[in-house]
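In what follows, structures are represented as structure tokens.
The following pair of complexes shares a single chain, chain A, combined with chain B in the former and chain C in the latter.
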Partner chain A sequence: MKLPTKWSGLNLRIRVSIVMLVLILTLAVIASILSPYSSDQIGVGETLLTPSFAHPFGLDSFGRDQLTRVTEGALLSFFIGFTVMSISLIVGIPIGILSAFKGGLIDNGLSRFLDLLFAFPSLLLALVLVAVIGSGFWTALLALTIIYIPIASRFIRGAAISERDRDYVSAAKVNGASTFRICFKHILPNIAFSLLVLGTNIFAFAILAEAALSYLGVGAKPPTPSLGKILTENQGFITTSSHLVIIPALTLSFLVLALNLLGDGLRDHLDPRKTLKDSKMSDR
Partner chain B sequence: MRYFLFRIAGGLLTIFVSSLLVFSMVRLIPGDPASALMGRAFDPELAKIMRARLGLDGTFIHQYSAWLKALLQGDFGYSFLNGAPVGAQLQDRFLRTIHLLLGGITFGLLISIPAGLVAARHKGKWQDGCIIGFTTLMLSIPQFVLGILLIYIFAVRLGWLPAGGWVDPHENLSLWARSMILPWMCVGLAMSAFISRVLRASILDARNMEFTRTARSWGLSEREIDRKHVYRNASLPTITVVGLEIGYLFGGAFVIEKVFAYPGIGQLTVDSISGRDYPMVQASVLLFAVSFAIVNLMVDLIYGVIDPRIRQK
Partner chain C sequence: MSKNTQQLLEILDLSIRFTGTGKALAVDHVNLKILRGQAIGIVGESGSGKSTLGFAIAGLLNRNEVEIEGSIFFENEDLLQIESEKFQRIRGSKIGYIFQDAASSLNPLLTIGNQLIQPLMANNGEKKDAARKIAQELLAMVEIPEPKKRFNQYPHELSGGMKQRVVIAAALARSPMLLIADEPTTALDVTVQAQIIDLLLRLKQSLSMSLVFISHDIGIVSRIADCIAVMRNGKILEYGPVRQVLQEPSEEYTKMLLANIPKLKYTTKSTTHSFWGDHD
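What follows is the complex of A and B.
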């Protein structure tokens, strides 16, 4: 499957989600550049100020500008999603492809290790890792990466196995290509699109998981404007200043919704047969 | 029979390995937990006693077997924070979390099964569209955000229900039930989205199978085909997903309990992690892992009951 190059060749869900992501990213960047406040600057006005022209999202209980905090929180979420996604793909690709090809020790070790990992709910695992390495933004990020590397590796292994017995691989072997060359010159480009879907999913999961960890108080430490942290800090004011809670909550949902739509859309693009099968059934 | 024994053995093995993992966890923490706990007030004599109490003296195998032996006798050790036995605290908390999850799972199944059936029956019509749209929304809202929104709508705006907390049901049953409605909804709505989608998709898949075509060629009515062949086959992937979702819920319990200020085992675990209360962390994490393994085992066993082909393998 080739990567799509034309805008019109993309399905509706991909287009909608890209617009959503570009919108939120642009708004966040513009707002954080234009904002005269920093996210940890306290007492820029009366505490718990309701939204006004100067402070469109109001001020929180420390008198911090909420717009600045939410936009920086959204950018931070992008950063988290991107970092966890990149590291787990960069590490997962060689592990996954090699274990599909070489089998043996790497393959067995990976499978056993994963069975062990899947014996725990992933949020619990992240909590335990945080307990071991200490809480904080970077350790939460590290814990998420540790969890997603094996998940990515297993997915990539599955994708590589389905390509392993194709004719083009046999042809490359007959031509005397080395395993390394087959893996990275032939297999990798052919599973690139699945990796894109996987990457999008990890991106969304990582954002959610970090928000949950920070919400529980074992992730980002104050005054880091992580969306999860903002929600914990403001939840107590839900009856009096509900905008302080609802706005970051909706921002987080909007971000994850866009990423989920992108993932779904990309998967449909990758496997149009599935949609075809559905439409066939409705004809009956 | 062999299938069932094999699965049960697998489940026990998972529990054993997780106990080993949980046990090594505390040993993985850099530095000496005893001195880390005492901080500046470090005293070599006290540290020695503390290590003994933590079960940190002797070889790893020795420590582990002692811990396991105590565990099997129901002795989970003592909390660092309040000195009380861990087991008694865990029991109350765990029961509350079970109430929370069972109510939520019941609620979730009550809405997701009809939703999946309706969506599959009216595929491509407006009913289907509504259900799919709703599930997409539910899948994208993080569970704790859903909880906050529920509190905002039903407790803050409408004022119909309490925003959370826990009331002793023996003292005031109706207030307990009222304060449980929002947490149950939060658990149920979050899990129902994926389940109803999978149920819909697997019913549609099963309707397209060859055995369905054969049944149709016999002249069976669509209703009879659904009842006898489609639902039974569609139930397999659905049960897998229900099991998976229950597994996720054990993770989700942490955030849901925090959102609704519900004193369950999730909050206890988080508190003990931030308070570095290692005996409590060990015991509660192990309890989570064991419950998770039991759910997975039950899914495997139900699978074997429904589908005789799986038993043969």
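What follows is the complex of A and C.
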């Protein structure tokens, strides 16, 4: 179960997704560096201008350059996905592993609390949280983190439980290893591959959830160029200037598709039962 | 409590009950004494409680899932009463454990060297270089060919017998006074089985440690143990020196076990047959 270092050793989905992600990131970075406009600069030209050479994605109803806004929105989405993924993993790993390893009351208490959180649809929970702490970009980020921490913890707990009962953990125990050592030197490295897949999925879902929150008006506030926000702002013009809606929507889909492909590809790639088949079917 | 210095382990009236739905009584009022340097064989069919007994001595039972009564004295200290940190120290320095499945008792992501070095550094406070040296000596001690090369290999690159040798080396790393071997040869083929048994016998003598050898195979146990305990349904049915148990078994069950040791049907030259048929 080693990560291959060769490009050709990866399956098609992983390769495609990496190309997509690199493409979108490079384009976004280049565009935001080269763009002569800032994302909230209004009236750089005629409002609702159709795409032209100077403004490849056109201008929105305030006369803001749409290319700058969409690329910055994509980068923002990346930031959100990455932050939510990192925090939920950093918090979820100790919770999940300790609860799996300690068992008993700690595990029961944590699990029932997580059950409670799972009883609410996650977007509804985010809406409630935002309603309590007030809307805004950072509170949306906080709400998403709070939603994904239990999901990550639950997943990690499950993965750790299946490792916990393996003989090498007992062997480490007899050899006098401390609980900390067993959890983080033995169990964690052995579930790291599943965490990679989990992380990618959280990344994609967090981007979607943030877009949804912004679209509903409880996420980023104008003029922050969140992709969800851009969609709400422009949906009134969908019949007359459809590119204003289609382009950010496509960008969002492209991003999430790439991440989902990556997660899917990684899952197949790291599944030990598929190793044999993979060498034969790697190009499917 | 005995003040006998010859005595390493004494199990007094030990009962272990699993608290799950079945409430199965896995170990039923067991008494057992192990002297220093003595090898005890525990024989029994699956479900007889022999592994649970081994787990209890090594403290591997989850106290949330079992009820334990009685006491296990190790060097005159009751392992069931002392706090877990002290138990962890005793476990790390004085008790070694060998599991049935060598493949799963090695961490698949650590090299052979690291499997041995890490406990040495954690328990004995050895420096990395010293630990590396000890680990290589251990690999040589369990008669692994090319120990230097194996040192940097991963468990999946080794054969079953090799892995079991590494597991034995890991168990011996802190020169334990008691080594519990839980069916160490069951997953191996017969020739490797014999090698591992010989190795364990030699190591037991040269390191003068006590050995608890758990197996379902009375034939194998009789080769390594000084005394045999026959277990069934959590009880020790019969206990005595190997010779006595083998030659004058007092229990019907022991007689049955002995009768079930497989014997080769064809042993003399006149009765051997060619695989391809007999064409003289």
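Heads up, the rule we're going with is that the second predicted complex is superposed on the first by the 270 of 284 C-alpha atoms of A that agree within 3 Å, B and C clash if a C-alpha of one lies under 4 Å from a C-alpha of the other, contacts with A are read in each partner's own complex, and residues count from 1 in each chain.
Simple rule for what comes next: contacts are C-beta pairs under 8 Å (C-beta built on N, C-alpha and C of every residue); 3 or more make two chains touch, one makes a residue touch a chain.
Predicted model, so just to flag it, every value in this text is computed and none were measured.
Judged by the touch definition given at the top, the superposed model places A:Val245 against chain B, while chain C stays out of reach. In the superposition on chain A, A:Leu257 contacts chain B only, with no contact to chain C.
Judged by the touch definition given at the top, the superposed model places A:Pro189 against chain C, while chain B stays out of reach. When the two structures are aligned on the shared chain, A:Leu67 is found in touch with neither chain B nor chain C.
When both complexes are overlaid on chain A, the residue A:Asp167 reaches chain C alone and has no touch with chain B. By the document's definition of touching, of the two partners only chain C reaches A:Gly104; chain B does not. In the superposed model, A:Phe120 makes contact with chain B only, not with chain C. When the two structures are aligned on the shared chain, A:Ile87 is found in touch with neither chain B nor chain C. Considering which of chain B and chain C touches more of chain A, the answer is B. In the three-chain superposition model, chain A touches chain B and chain C at no common residue.
Contacts from chain A toward chain B in the complex involve residues 115-116, 119-124, 127-128, 130-132, 135, 208, 211-212, 215-218, 228, 231-232, 235, 238-239, 242, 245-246, 249-250, 252-253, 256-257, 260-261, 277-278, 281-282. Per the touch definition, chain A reaches chain C in the complex via residues 1, 103-104, 166-168, 170-178, 181, 185-186, 189-190. Those residues of chain C lying in contact with chain A across their complex are 58, 60, 62, 64, 88-89, 91-93, 95-97, 99-101, 104-109, 118-119, 122-123, 167, 170-171, 173-174.
Here chain B touches chain A in the complex through residues 14, 17-18, 21, 25, 28-29, 123-124, 136-137, 139-145, 148-149, 151-152, 156, 163, 204, 207-208, 247-248, 250-252, 254-255, 258-259, 269-270, 273-274, 276, 281, 285, 288-289, 292-293, going by the rule given at the top.
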